[in-house]
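Can you keep this structure in mind? I'll have questions shortly.
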Amino acid sequence: MGGPKIVTMTSDFGTRDHYVGAMKGVILGIAPTASIVDISHEIPAFNIAEGAFTIAQTYADFPSGSIHLVVVDPGVGSSRRAIVAASAGHLFVAPDNGVLSQVFERVDTWNVREIDSQLGLDQISTTFHGRDLFAPVAARLASGLEFDQIGPPIDDPVRLAPTIPSGGVGRVLHIDRFGNIVTSFVREDVGDSAGLRVGNLIARNWAKPYADAPGAGAFLIVGSSGYVEVSINCGSAAEAAGIAAGTKVRVAGC
Amino acid sequence: MGGPKIVTMTSDFGTRDHYVGAMKGVILGIAPTASIVDISHEIPAFNIAEGAFTIAQTYADFPSGSIHLVVVDPGVGSSRRAIVAASAGHLFVAPDNGVLSQVFERVDTWNVREIDSQLGLDQISTTFHGRDLFAPVAARLASGLEFDQIGPPIDDPVRLAPTIPSGGVGRVLHIDRFGNIVTSFVREDVGDSAGLRVGNLIARNWAKPYADAPGAGAFLIVGSSGYVEVSINCGSAAEAAGIAAGTKVRVAGC
Amino acid sequence: MGGPKIVTMTSDFGTRDHYVGAMKGVILGIAPTASIVDISHEIPAFNIAEGAFTIAQTYADFPSGSIHLVVVDPGVGSSRRAIVAASAGHLFVAPDNGVLSQVFERVDTWNVREIDSQLGLDQISTTFHGRDLFAPVAARLASGLEFDQIGPPIDDPVRLAPTIPSGGVGRVLHIDRFGNIVTSFVREDVGDSAGLRVGNLIARNWAKPYADAPGAGAFLIVGSSGYVEVSINCGSAAEAAGIAAGTKVRVAGC
């Protein structure tokens, strides 16, 4: 649509080491005009669920046609498959370990192909597929490679347990920098007279903007991604609750 | 001027969460050829004064015509205004909470307009104006929207207390990664036979380059931004002084 | 080769302060279409050896013709020289303090020139040559300045002690985010029946991919850069060994 092809990057490589830089070098060697955008490289090491949350939250904010590289890959060098998924006009390049689960949860249809390893660099190390396999594949897609040239279609990509609440029990999807607790509940899941219990906290009051929040204590708010969040104004709800991502969240009756 | 339009970003969103990536996706969807440059996303959460320091220190290093997105926004969703300021050939897109104060302090003239919320995304969440309002406005300016199409002019943008020293008392503007204490004094504010007192430290000796600094102890130096800094060679002056940004700094007689 | 000129950045400036943003502003003012890529700004402050490791590990992943800005510069403002090195089709802009040592170790030939300070900004501060000297030089190279216009050739750039193992004793080159210990040994340096001793750890078993590693305990693996690494599956070898970069590593007989 006028601009250069966008390649986003999400990983657990951190920004201290040279790993992300190496991947960008490989991408620009193959696709010199690609526009590379970091989403996050601070997914906690090996934490597939956090990677799944992050890419699912963000990809739709990019224009259709974007290519999303998602490398949280504890099984690097094992027999886990490498895949490209096509969905909603976006392409996702990732190990087949469930890191695309929350993308699949949110769309009606998706197609997945297993990556032909010939699309990687000539030499593929056993420890850094981010640089040697996933980055080249993303760059080739940015340079015109078609989805159906990736490799054979598969219909059983690995998927994590669904995050959608059931029986009034959901999950903490994420705790953000401000200590906001992002739950897997949407507004309709929580009755009007009910609240949410998470760790040490019970939150019952609904606020719209943070600035309108009741003075002290935890409150509920529909966050920027559509999920119900438990927050404390100018403070960390996660700290007050004493919890981490993955913790169960329960609807609390009156 | 030959190159793509530059959009810089300064925020307290951190780089762990997906917030910055989401904003970049929105910008590139509207302005596909914009050149996005991060200044810092590690402004301490809700710390307007640190955001004000950071953008004022940096914008003039960018070419004229650059657009600077500054989102430190504890009042998101409240009735605080959203503004664009034009000054010295640069445009600044920010909440009206004082985060542009130090830009205004350093220039002779500026013009401010309140942002018409129709320039945001179709749906503006109550919690993430960075993505839903400020990013689209910056992108539209990068795509040709004129300053006077932003909304009505205003002449009373919120301004923080001035940082300029008075009566021999200034402020710590910033402590950098190396522990250098950036004060709000310029060279002329400090007498030749005087020094500066900050926290536990009194510094009297002036050094030019760090490498010429007197062996041990704190010294004074005119830093890269023109302010007097209190430093310790290969050590953290801030730690030795036991202070934080905002601390008072006093001229110390002989 | 079709794309814009690439300028990579490696420094100890961190990403919290505005220093890196200021350098990028200067680069884009001189070379508006340059493609700027961060390798790392989290080199530990003043740690030349870590900077040397990082750029040597990464530059070859970028296309030939790339310009690499490496600013770890404890001697800023002293009489240390500023240099550009040309090697293997790449250009390196750096202070002459050994930060390019590991690049020189890995190539057959290199040429170095001392930077004429007239190539910097009109005003060169004594504390921030990254912005005032190195960034403009990198940008001018990206805009067509030739290597032989940099300044006079020199043949004695500062070099750190070699990292190549000798007498069965090597060094820890780096500890990455995952706690992997990157040693300066290559596979051939370690006998088939021998292992490596580093801090509290002795590792004897060789693994190929991390996923095939023996259940518990430390193991040896040839890492993505060709060096032998000491690792623990899904754990931090560095923590188990109780060591830091620079620690000696010894071949351990059976």
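A few points about this structure:
For reference, chains read A, B and C in written order, and residue numbers begin at 1 within each chain.
To be clear about the criterion, contacts are C-beta pairs under 8 Å (C-beta built on N, C-alpha and C of every residue); 3 or more make two chains touch, one makes a residue touch a chain.
Worth saying up front: this structure is predicted, and the values here are computed from it rather than measured.
Rounded to a multiple of 5, the C-alpha superposition of chain A onto chain B involves a rotation of 120 degrees.
The pairing of chain B with chain C is characterised as different-residue: of all residue numbers used at this interface, under half are used by both copies.
Mean C-alpha positions place chain B and chain C at a centre distance of 30 Å.
Shared interface positions of chain B, i.e. residues touching 2 or more other chains, are given as 15. Within the complex formed with chain A, the chain B residues making contact are 13-26, 28-29, 32-33, 36, 45-46, 74-78, 80, 125-128, 131-132.
Contacts from chain A toward chain B in the complex involve residues 1-4, 6, 8, 10, 15, 35, 37-42, 54, 57-59, 61-63, 66, 174, 176-178, 208-212, 221-224, 234.
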